[in-house]
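One chain, chain A, appears in both complexes that follow, with chain B as partner in the first and chain C in the second.
Let's look at the complex of A and B:
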């Protein structure tokens, strides 16, 4: 019974739309309930990997078969989707008043959930395509419903890229359909394996294009920043946490289930890795570096975290592309962990935006004393993002490092190191400018967010620490996925993972940490008690400090570093695409002038010319 | 139970020893710099007096994050210390992979950064922004070096890397890979925030940056944190390049040599601007480290 995961959210979507007109909170409540239901019933079918379902449809003489099945991979993604949408829905119950069209938001949100489920369970290209497009369109409406002026434009860019990629997908799929007479994955994989390798590779690249776009890998990452930055604050966690990951789901399907890696197995290799795979990993490395450098420059908190998402996607694609047991496990771990800590960050920032109404970091400051729980959520999440033990983010990065060093991929490792160390810089910027520093006079009266917003953040903090100490919980499902895809599994226990050069044991780390902090606390506690003074009562080199606003270091936080990359950042890829569009429009205009200027004489000339050419061709033949 | 008491005793012993040694090193450094500048300099035991004095003084705080930051900074380095083999002393050092130590050190840095920025003083924020920028500068070449070492010896545990250099002193990485050792030495100077790379504390410019608001026990704790950090970083260098040691005395002696050299080199150069420092790290140390790594993996 896999269809219920699609139709329950879809049916609930319309119910939510109608009920939300009556009561502002009904829509989000229904979303939360539906997500909880999905989560629960997914938990019940854990392990029954033989579940499948199919429908036949006869259309214009074609026998169309819609196939669905449950695999460990799709189960994991489905669980992640429903879990995160549950948390977001609970969070958004109290912030419905912030929406222009709150009913439409809930309608679309549930439709996105349903269509993601469709994408995950699809076992044939047609089903995949239908739900993929549904997902793209509904998320397009969600992004464009953001309050900002730019939201429409950002969503438009997302849509154009997705649509262009979808056409390439469709063309390749139809080509395969003509050859095999079926849309299902298995015959396609078989056909591609036996087909000539260059053609198969081309077809699979065309098929994978929508997934690259969705995953936001360089050079197709241009939609991510604006879409994340302008989407409604409640949708950004889902967008960054889940929607980007669906792209990786597609890539894993293409790479393993459609046997892309098998096809390129015997092509030219670098250090035992087929060149094409290495190229993908290099794209990941470039993604990490681009995302990181641009994140450090940002002044808008959501856009900063969006760029950070781009760079973290680079880690995931590197691990998937090198496809060693450690690499794959590291990627999957990082995929899950990124979902967890990035949603936490976006939720914490959403809480800040909910209370202050701005996304510019230099317009806020010192919120820690007003919103301590939000601060705690943000702090825990960035510790995980920066990959500092004992949180989940460290483990996944550690596994990916091991995978890279094991094979001696120096330049990939260099990018990974760069992204990791530089992430300290960009995650500290919001910490320092939004939560620490001077509190603005206009924010004196701000309160912590309501209880329903606190609960999701608290749960996520707990999950970050839980997976930091017990990575075995995650490794359990990952080992089933890699078993299903035919990748060797990594040795692990509940709290340790065996790397290539030594093991990670979180229990030791946790104990030692506790010991260190106890000693430090003793030193602190035994010393004299200190006197509390205000934030303006500081050493200011003899200057009189009168207002908090001008005594807050926030704007262009890393100016010296940014200066190093000013030239590079000026040549942004977005600018390149825009020039390309402008040139296309211009050339289209000149074509129009030549061929369709509206002069009858021209058309007459063209028909005469065409006649002459045709006659000449006929005569020659 | 006996085991637990033994462990706790070991914990405390290592902590106290490292702190005392670090403070002694700081005193020695002050003396050396003074002599280079033709001054007499404070007595070698001056840092001990400083710590005692600081803990006896009244202090001001700027809220709970200021307190928490100081505790996190000290707790972080103490935790890191247990993962490093100090001569024959090693509590959890068999578990300590070298990548873990790098990231554990970041806990302390984050704590210190958070606490000081939490004071609300913009000069602290400027200092931290510089420190983080510089960190990106020196960590990259260092991580590339670690990459080469791990790939070369097929282990990432510090203990294993130390054992790999056993036998004659010619097996030390200092002699086996002198370029790498040189790069790591420059990185070490950057890590410890010594002279050419001290733009983040720059007392005359931004009021000592991160520590501008710390006084009394806060400054005392940061001083203790600094002393343990020095020991961790020196111990890392000695373990990775000077073959470690069998006992704590020769280990301390090796650390002292590296420390004196670093201090002397440091006091010869004027301060780098922050972006110039990063540029320098990415040009020479990183370039050499990459060449060395290419040589090792091919």
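Let's look at the complex of A and C:
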């Protein structure tokens, strides 16, 4: 029964909404329980890839078939969805006390979970479209319920972009439906393979458009920053961790299951890669660079991490686009790892926001003394994000580099390296400004977050290190996915992966790092203790400071670097889109002024004119 | 089964006896209106199976058509009559908590407009069509002015345009009569092939203009925004939900049954698309919520005309489904907007901020109706949107499909602005007491979700109505019989 994964969250959503009105902890508790239930029952059906379900419906003269099935790919995404929502729900049991839209939040959150399940299990376009739309709509309300004034505008932009893409999807699948008489994937794939290649490519591009938007790939990334930055703090981890990834799920379906890659196989190629695939990888490279540069410039911690998400999405799309065994495995690894460390980061920041109430980095500082666990979670996560062993982020990036170098894609590899090195810069900024440095006078009394918020962070820290040492756990399911999609599998064991130029043995590296850590600890323990002085005194020399913020080094942290890219960043893509649409929509005003100016004589005249014009047209024809 | 003539006769009778009811008890008129419309719905339902089996022909005065006036109630007329009386019924419930000055006169006109619109869709001859259009319009002119203030100006504009429209219509009828010698619709349809092509074309165009004004087609529709904005909410609702549906019915009757020709379908297609795009573009610019809804109504009318004039069976069905949805959703939008407006004391969208928590029922009604229009899955608009796209692609109209989707996108943009304002922004205002609309909101929400989840509910009438539109020889046969 695959439908239960949709209906249980959906039914629970309304229960959560009603109960949450009575008690603000009820909604998140229900969400946690439902997610745990989903996770458990997904674990039980692991491996039963023959599970499927279908309904026939005759609707207004259309014979429709709704198909659902379990594939390794959808199983993985479903597990990720329920796992991350479990952690977030546990985290948010305590954090929603002061949240005005708490009930609406839990209602929509559960609906998002249910609709993602629908998207994942769908084996026909109509089911996919229905749940995709529901997912978009419910997440629209989630983003809208953010506290800041910009939240509405961000959600609005997100929805319009998604809706435009969804319509292109709808048009393409209905076109295919006219030809094949079915919405199911298999006949569609068959039809597309036998159809003329240019038309098939065009149709598949139209179908993939909503997935590109959701994945936040350049030049459709414009919604990501504001949506992440302004969404409620509990939803940002899910938005960045999971919702973006559903876009990749869709892209993999289009590329492999709808045989996009087979269709373009014989087109013009560059280094053995069809030009269109290379173009996608190139978009990935541009996404990495854009995201990285914009992340470095950000002053708002959530927006900074949002840009970092964009740039990490670039890595994933590169691997998926080149579609070599290593590339695909690397992408899937990175997809999972990004989900893990990005949620950790957002949860850590949510913890900071929960205690301080601000997202501006120069308004906080020195929180390491007050929130050590949060600091530890953030630190582990950014080490993973920057791709430093022995964390999971290193392994996935390593596999992607291997894939790129193996085929000699120099520019792509350069972009990937650039993104990796520069990510040090942007992740270090929140670390040093939020957690290190001086503790603000107004934050002297801050405490670490409550236990229920600590648990998810602790689990995530553990998972980061676990997957950093034993990537074989992830490779197990990934190899099944590769097998299912017809991609060769990569050799791996529990703690090593075979690359193009040798194997990566994470256990060995972990031991080295562990030894280094022990030695450092010893040195620290044996050395003379440093003397603690008042934090402000280090730069005010004991003078009385009234406004600590203006002295904060966090403000315009990387100014020299920013100057390099000032010109580039000023050419904002968002601004370009907005002016374009604004001008387009303004034409409505001119229409109104010309035609509907309020003079009734004119209105009467129009009817005569219409008559004359149509009569003339009829005469000529 | 009850005689269908009552659908027209009873409201008229009740309308003109309204002053007497008022004398008996000042509360009575609003209940009389409610009971009359409810009775009409019962009459329609009791005739449902019969009409589905075969169209009902009611010959007045015992003479056979074409010699006597006849009423023709087929599936199409049934659908339209349901929409008209259904909207009137819902709005009568809304009116229960509304106080109008001169309420006997208001309900007199309200029942008149219902009877007029019902008559438009049930009549079997051209002259009575004209008469019923006049009844409807005259009632609408006067109903508009119940809001006072600048509604007089709006009403006056409508009066002039309506007058111009009547002239066109009457000329068309005159030409038709001179050519065919009969005003019976079936008779005209049967002998339309014999009319001089030039005369036929001129006549059809005269009808296009005359009816186009009622069906809110560009560029004959600029009276609409003023009327919808200035008129009392119930009147805006009935204009949008009932009168425009009757207009579409008349358009379909004339261009599919009387003068079916590809040329006119093409005209309607082009006019429909322009109406759609312009309506949406202008609606996006509006700051006044009722004006926004008015332009959105225009656009929807354009969409319906566009889809129906594609002329395939699937397209006509899609268009009719959209017409049904339009009536349901627009009535809900107008009454919710009406409550929100009176709560905030302003028609400006920006003054409605934060009413989501202060007026939950109305805000919910507005939101679910907006989402229905935008085609969110499991709501009725989703099904009709799917059918529209599917049928227009099937007719190989890529450009039309693209424009319809582009228009839908603009629609999303302006409806969501309002929804976000309602829920996610806040404004410190004193909320005024307003009408209670719980019952209509629940009824309409059930309809919206019901049709979205189980559209088969209306599959049969829709199927038969589409067949009726596309097959005019059957119409002729049923009315004229052996003659």
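Here is the rule we go by: the second predicted complex is superposed on the first by the 556 of 621 C-alpha atoms of A that agree within 3 Å, B and C clash if a C-alpha of one lies under 4 Å from a C-alpha of the other, contacts with A are read in each partner's own complex, and residues count from 1 in each chain.
Here is the rule we use: a residue touches a chain if its C-beta (ideal position, glycine included) is under 8 Å from a C-beta of that chain, and two chains touch if they have at least 3 such contacts.
Remember, predicted model here, so these are calculated numbers, not experimental data.
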Looking at A:333 after the superposition, I want to know if it touches chain B, chain C, both of them or none. Which is it: first, second, both, neither?
neither
According to the stated criteria, A:13 is in contact with first (chain B), second (chain C), both, or neither; which is it?
neither
Could you say whether A:351 touches chain B, chain C, both of them, or neither, answering first, second, both or neither?
neither
Does the superposition put A:61 against chain B (first), chain C (second), both, or neither?
second
Partner chain(s) touched by A:424 [first = chain B, second = chain C, both, neither]:
first
Who wins on chain A residues touched, chain B or chain C?
B
Note: in the complex, chain A contacts chain C through residues 58-62, 101, 104, 129-131, 133-134, 137, 140, 144-145, 151-152, 155-156, 159-160, 163-164, 167, 170-171, 174-175, 177-178, 585-589, 591-592, 595-596, 598, 600, 602-604, 606-611, 614-615, 617-618, 621
Contact residues on chain B for chain A in the complex?
11-12, 15, 55-63, 65, 67, 70-83, 92, 95, 97, 99-100, 103-104, 106-107, 109-110, 113-114, 117-123, 125-126, 128-130, 132-133, 135-136, 139-140, 143-144, 147, 150-151, 154-157, 160, 207, 212-213, 216-218, 220-221, 224, 273-275, 278-279, 290, 293-294, 297
Per the contact definition, I'd like the list of chain A residues that touch chain B in the complex.
366, 368-369, 379, 383, 386-389, 394, 398, 401-402, 405, 408, 410, 413-414, 417-418, 421-422, 424-425, 428, 431-432, 436-438, 499, 501-505, 508-509, 512-513, 515-521, 523-524, 527-528, 530-541, 551-554, 557-558, 560-561, 563-564
Okay, in this complex, where on chain C does chain A touch?
156-157, 160-161, 164-165, 168, 201-202, 205-206, 208-209, 212-213, 219-220, 222-223, 225-226, 263, 267, 278, 280-285, 313-314, 317, 321, 371, 375-378, 382-383, 386-387, 389-390, 393-394, 401-402, 405, 408-410, 412-413, 416-417, 420, 423-425, 455-456, 459, 462-463
